[in-house]
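Notes follow the structure.
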Amino acid sequence: MAKPMALSGNFAAAYATKQINPHVVAAYPITPQTLMMEKFSEYVANGEVDTELVCVESEHSAMSACIGAAAAGGRVITSTAANGLALMFEVVYIAASLRLPITMCVMNRALSGPINIHGDHSDSMGTRDSGWIQIFNENAQEVYDTMFQAVRIGEHKDVMLPVMVNFDGFITSHKFERVDTLDDAAVRDYVGTYTPEHSLLDTEDPVTYGPLDLFDYYFEHKRQQVDAMRNALPVAREVLTSYARETGQNEYDIIEAYHLDDADVAIVALSSTAGTAKFVVDRMRAEGKKVGLLKIRLFRPFPVEAVREALAGVKQVAVLDRSDSFGAYGGPVFAEVRNALYDAESRPGIVDYIYGLGGRDINAVDIEGVYNRMLSASGRMAGDVQYLGVRGD
Amino acid sequence: MASLKELTEREERLTGGHRLCAGCGASIIVRQILQATNYPVVVSCATGCLEVSTTIYPYTAWKNPFIHNAFENSAVTCSGAEAMFRAKKRTGEIPADKKVKFIAFGGDGGTYDIGIQSLSGAMERGHDMLYVCYNNEAYMNTGIQRSSATPLGAATTTSPAGTVIPGKKEYPKDLTEVMAGHHLPYVCQASPGYFQDLIKKVETAMEIEGPKFMNTLSPCPRGWRHANDAAIRISKLAVDCCFWPLYEVRNDTYALTGQSKLIADGKKEKVPLAEYLKPQGRFKHLLAPKNKELLDSIQEEVDRRWERLVKLSKL
Amino acid sequence: MKKTIPDIELMERGHQACLGCGAAHAMRYLLKGLGPKTIAAIPACCWAVIPGVYPYSCMDVPLQYVAFETTGASISGIEAALRAKGKKEGTTVVGWAGDGGTLDIGIQALSGAVERGHDVKYVCYDNEAYMNTGIQRSSATPFGAWTTTTPVGTTKAWKLSPKKNIVEIMVAHDIPYACTASVAYPEDLIKKAQKMKDITGPCFMHIYAPCPTGWKYPPEKTIELARLATDTCIFPLYEVTNGKYRITKRIKDEKKKDVLDYLRMQGRFKSLDEGAIQSIRDHVDFEWARLLRKEECFGEEQ
Amino acid sequence: MDLIEIRWHGRGGQGVVTASELFAEAAMQDGNYIQAFPEFGPERMGAPIKAFTRICPTPITIHSQVYTPNIVVVLDPTLLGSVDVTQGLGTDGILIVNTPKDAKEIATMLGYAGRLYTLDATKIALETIGRPVANTACAGALVKVSGLVSMDNMMAATKEKFREKLSEKAVLANIETIRKAYEEVSV
Amino acid sequence: MKLVLSGNEAAAYGAMLARAEVISAYPITPQTKIVEKIADLIADGRFKTEFIKVESEHSAMAACISASLVGARTFTATSSQGLLLMHEMLHWASGSRTPVVMVNINRAVAPPWSVWADQTDSIAQRDTGWIQYYCESCQEVVDTIMQAYRVCEDPRVLLPAMLSEDAFFLSHTSEIVDLPPQEELDAFLGTYEPDVRLDIDNPRSFGSLSMPHQWYPEFRYKIQEGMEHAVEAIERVDREYGSLFGRSYGGLLDLYRCEDADTVIVAAGSMCSTIRAAIEELRSEGVKVGMARIRVFRPFPTEAFRALAKDVRSLVVLDRSFSMGSEGAFFSEVKAALYPLSDRPDVRGFAVGIGGRDITIETIRSIITDSLRPDTGITAQKWVGLRRCEE
Amino acid sequence: MIEIRFHGRGGQGSVIGAQLLAEAAFREGKFVQAFPYFGVERRGAPVSAFTRISTTPILTRTNIYTPDHVVVLDPTLVEFVNITEGLREGGWVIVNTRKSPDALGIAGHSNIATVDATGIARSHGLGSKAAPIVNTSILGAVARATSVVGLDSLLAAIREKVPSRREENAAAAKDAYEALMTGGAL
Amino acid sequence: MSGKELRCYEDLPPSPVTHDSSLVFKTGSWRTMRPVISKEKCKLCGFCWKFCPDVSIFEDSEGYPAVDYDYCKGCGICANECPFDAITMLEEDAI
Amino acid sequence: MNEKTWKEIPIGGLILDAGNAAEYHTGDWRTERPVHILDKCKHCMFCWICCPDSAVIVKDKKMVGIDYDYCKGCGICKDVCPFDAIEMTIEGTED
């Protein structure tokens, strides 16, 4: 069934979008997202999809058009990066609150200024409160598979939330890799059809979207949203873990524990960096060092229980954060991981390494250095938040 | 054109029970437009008086599908729904012969200022929709702040008529002209006071495929400081003094309509601008003797724009 | 050597523009016209990259890189601050943006800035698509053009909607001065820039700036192609001063070239069929006739 | 075979990235895992750029840039003066350069002691394709020199990759280029 | 001089007293009174400033950044959707190192549309590199604007700051505000004279492209460094202001009756006043409770929390915001900060007052009662005051 | 601490009324708060506003649920709005109406006072005939009935803070102070 | 515009402000075709100077146009626009 | 208001009952009351097309009265009536 293709992250996303055949795609170009939209435009121009492609005049309008289209009751996909995501920030919240299961690829890129076009996570992390489900992907294969999973998770009746499919700008978006693909029919079966309960196009039974909410109901609407997010966790787990069974593709889960069972020290990382870390773990394990890796795929909702279990036996943890929350105490992943373990029975030492901002390369040597520092520390490591690979430290 | 009596037989699509001010021009405009349309409609609306007062959870005054997204994106939200309509026709989920009209509403703030980009983009992309600006010439929802539609000399809370500065210092943006610069199939300007003309324009627009833009003057008793019952009176005066001419542009060809055409043809008297300003508190200071020069220069600008328009209609 | 344009160079060598980049010409000429007492703001576009990466710049005038959609607002801020500081006198504030940053994502900030009447100059260099991100269609892309988001394909889905007429939109804003200019006519461009410098209030210039990479023609043809655009009346050169129209490069009927000459030079139009070409021809003729009539109607008093 | 890393040098517009992808795709036909990616920069047409290929029989998880390539391919001879093409390349590595000059001369010029191969790829391309695009010729030479992929798979990958973009004639011309380069590269 | 001012009017007076040279703002409920009051002050000739009435919030911030780069002291104000619309520009302001000061009226984020107090709008900006103050009273708004300019314009800090006031509970509540004499404030604040600026005599480019191997990470790190300096600067400036004008606010973390407290409530914004009243009641009943008011959320008062945590049994964290899929930001960050302590207090989290739902003394009492129940192990955040079916 | 609730219609000046009362108390050295119940209702819709006055600093910032006094700016509201909701025992209800307190039919334990603020406002030319602005007039009645502020400080606050027609407003307040009608209690 | 060398983050100003000229970028390295000017044919019309997008034509000591090969990218506009065919484009590698 | 809990209301803030604002009566905003004088009425429908509150009742193309549940008393109907068929009176009995 699976056919290997050489696809970049962008092309994998475009190809998956083609196979999903959504009703509407509305997007605006931004580096490093453009290739996905260009590829998809070709599918449209060649009549390979039924999609209405809306080339809007800004990212703000891209998400706004997606909201209009999704409210009109169909499947909608878009993509953006960095300042584009920042520009649509306001409407990103609206999409989640209107409970519209839009799927959006974010080719993670640093935010200005100074202007920079390379990969870091500050764009998506900035929207972590917005009510979107966020999945971070290691490579093009994951991007491809996650597109289908995202549709299933977002459209689940207990969830009804938009999903952000994150992957690293350039590192994943522009890198060609082998991707095992499904055939079109298999995708069609897997994602099924989307028939929402209400639609703006239903002129027989008219609905009002987005009214003014006074303080007598706003709180309740937010509480519903929280509940949907809570539901999203088991739903996502179910969708991810059953994916291999249903499609014959790889196994997935909301987190990935790599050699953690007997690890003394572990790194927590997202996206492509987790791949490089696996490479290092393999090498160090061959030298008999008890090192492990926790890759977090689902960042929103944050898998508190899973993270706590995965790190239960570890003595020292280093979190790798590819974004900073200026003036905060460490990066967002760090805060979440510490928070998850605050009340845990056994609490490992946890330190934070902010790295790779603006796409500064992180290589095997850097990661091995982090492991070695953890291994050589006697007891808890000193210094909570450090900067990895910045010149001058 | 359908007669008023015929229109009364259609179902009211905006119910009473909305919470706009007594005597508000916006709801008159919305009613006139919806009554003039015999198709099912889907409405999107920008944040503003109209949206806030007609859809207060859990109540809605709209009997047609309605979406409010944000302040700056009524046009593009509507275009998204329209794209979905086309997509679903293509996949067969919606019958190919089904007719639905898409109408986007926005106030002047949400159209002239913060929403102009979304509007410009949606019109340029050629979506089959009608955009209607109900222009009450300031941010009335937040409490009468100046917008780029506010006329020169008008007092607002951010362009107060003070001892040194007599109200807003800039002429209003001519958005109808800006939209005409987009080469759309149909652009027009209307006034609820001349409702026959307005209804006719809506009927025309509904039969044209592609992007349409309509600019309507929407009196606001609170912001303009006029009597509650004066909306219609004043919106007629605006046309009579040529401050708000009635005209349409079809495929780049200009034509004056209704009352304005009669004035251009010399069949009706053009009244002085002061007649229009008098009933409105926001212009009170302009009529003081010390501001005579300013008033004259505004009259000149109104005349200049009017004459230009007359020329364009003969181009 | 004969020099028909000013000697001063405010754009340094070593910039990162593509070979034969029309936008590089445009900047060079504009700065010659505006002179050294100029502060520029540039949003995301090719020109955010062309000056060079940190800490280097090819610009000999102060420059602020601004967000994609904010050029109009940013120059408003610069101008207001200069006034607050008593330094506005004699200084020109210019916003410099591509077509995407002007006609699409930046049109709102531009519209707001000119409506408020700031003393700012706004220059759009138009290469008719998003070239910085790699040739995606913008609302300045003309009917019939291939771009990566209107990739023709088997369904002939070249760009179907017409080009937004930004100059007319600016004229509708009733600004003191709006004009078109082309890199093929640097003397005309520079004269217009000098005129803008001397006018108080918002001015707009629309520069035709061919892009060899995006339009698919050899880099040495940039000037030739730009000249042809004017000679075919596809991009007429004119200015509107306080509502008065004046054509600055008059094309006599007998000298007017066929649009086909222009289209054939560029790979982006190679798929067009006869019907599409004719409709472009008709549109160009219609617009040109309209412009002539506007000049007649709203021109300088004879 | 372990992880192989290849670096490609060329100029914007010369098809450097395409070459890196093409070679990777050919290697994938053998069941390998691959990566192909450009050096991500804003450089414009004509500016010197780099691209990379990784090939491995097992899944590749590393996502950093390439620092110590096994193989370097130089598509444009005019780069030799301005770019350090042998950076990170060990003496056990392979260097392929498109130039009419012979290998010794280049070796002396670069001071490189490892295996070095030259071919006049531009000339081959002019003969077969009619335009001076050296990317497929260089990829053809790499097939021979590296032994990493079979010629059959290279042909198949070329057909697949260019099928949509080029006319059938142009695809065949590229295949011919690869074959010729394969034969002409002096090993 | 004492006046009765609403929180909005206080912000307008603050901008005037700080002699902001360029103001660029767009109206949004419930901030409008700020821009209106500023327009009044200008029309009356009392406030000499360039006021740009932009066409969107996004443009408001863009204009402030540019004006600041020219060397002007800049001010703006917004709320909720407006703050969200300018999100991109918030990053831009800190990246450009422009000391813009902004008043944000904390209002709930749509949809559903709501105009009442909720801190989600500013909490969502916590990664943008802005110093964040949360004000409790109209007086504090004026005083904090003065302090914020001093802190932001400190060459070692050079970052923008936002001051948040809760919608209506502060923005529309009129109370007595003491305005210090202008001359004394001028002496305290000085003028803003940045070393480098957009200047035709010294042409430079601001904010050009920076590649990964070049300088981008270093610039980002410098923002963080600026934040670290801000911790000291905020404390110092607050103390200095106190010694000059008799009012100071505890720097980053404002402690109230914490000396012998077993339980300390952690909160921010206008609810803190009500909490003070509740503490008075509870203390009179013998319950040893205190409050740590997060006056500054960015930079986060990590050290102050660790010092506080040594002596208390439990912290009760109240969030008027929520990070969907996680929990309140205050709750998370307090726990993260205290994580390395060997003897950590019990930390309980409560979401309160979302969308302006009123927080009364009874609300606070019920939370304290709830948190005094015996430890039930891991504690998830609870939502207070929510209408629910029988659960 | 004294808490006062104002009921009126959008456009009648209830919010400014609450502020003026606070201003007046401020002039007497009290601590004050004034704030509206902020809805989105337009002109003509029922609205409310609040004032807190205290001799010690005011800590709480909640809405007011149990007012000490209630002020009603529009007589027709008595029908539609539960104006005595939460009113503390012994508190005053001051209504703008021509009717006598006993004719209003407000049940319960409160003290009722009435004044024809509309008539007084009209007589001083405040607002338009259709929409007279009655806030300053009724404040005179509030001062008289509740004694939360003295007439002099009220007049001072009005003279300083009312946007226009300051003397007329002050005179209206004074007239209302004189013309107050009270029920059995006072 | 003279900056010290940047080594670490401490060397940076807080705001990303350029302090050096783009002249460090010798874009002549991009060139594959080289313009060569023939003084015999040149009539000093100045078109090549006027139309050079890279500001790489200068006046030599005799008043003739000359190419600054440090920066000329070899686009060929000068040759295309020269009315007198005084500029020819030669292959860089063949020189 | 019948206050529902978060489990009972539709998600996303949707209102499913189109036009249910009719349940909300704005008639209590009215201080002036329009009165329809049938004798003078010529059923021109001007009042109907100009009413901002959809409060003019029309049956079989005849104007039959005002819907006081919604009428806010703005007076536009009186203003536009060419036949003086509507009069405004002060609301309430005391006047």
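Descriptive notes on the structure:
Labels for the chains are A, B, C, D, E, F, G and H, by order of writing; each one numbers its residues from 1.
In this text, a residue touches a chain if its C-beta (ideal position, glycine included) is under 8 Å from a C-beta of that chain, and two chains touch if they have at least 3 such contacts.
Everything numeric here is computed off the predicted structure, so don't read it as measured data.
Touching chain C and chain H at once are the following chains: A, B, E. Relative to chain B, the most remote chain by averaged C-alpha coordinates is D. Centre to centre, using the average C-alpha position, chain D and chain E are separated by 56 Å.
Our note on geometry: chain B versus chain F, Cα centroid distance of 40 Å, whole angstroms. In whole angstrom, the spacing between the mean C-alpha positions of chain E and chain G is 52. If you average the Cα atoms of chain B and of chain D, the two centres end up 62 Å apart.
Each of residues 55, 57-58, 60, 83, 87, 90, 94, 97-98, 112-115, 117-118, 206-214, 217, 219-221, 223, 359, 361, 390-393 in chain A touches at least two other chains.
Along chain D, residues 42, 46-47 each make contact with two or more other chains.
Counting partners per residue, chain E has 53, 55-56, 58, 69, 81, 85, 88, 92, 95-96, 110-113, 116, 203-211, 215, 218-219, 221, 358, 386-388 as the residues that reach two or more other chains. The touching residues of chain B, when paired with chain C in their complex, are 72, 112-117, 120-121, 124-126, 148, 169-171, 173-174, 177-178, 180-183, 252, 308, 311-312, 315. Per the touch definition, chain E reaches chain H in the complex via residues 111-113, 386-389.
Within the complex formed with chain G, the chain D residues making contact are 11, 46-48, 76-79, 81-82. Against chain H, the residues of chain B that register as touching in their complex are 4-5, 7-9, 12, 14-28, 31-32, 35, 54-65, 192, 195, 221, 227-233.
Here chain B touches chain A in the complex through residues 40-42, 44, 51-52, 55-60, 62-70, 72-73, 76-88, 90-91, 93-94, 100, 117-118, 120-122, 124-125, going by the rule given at the top.
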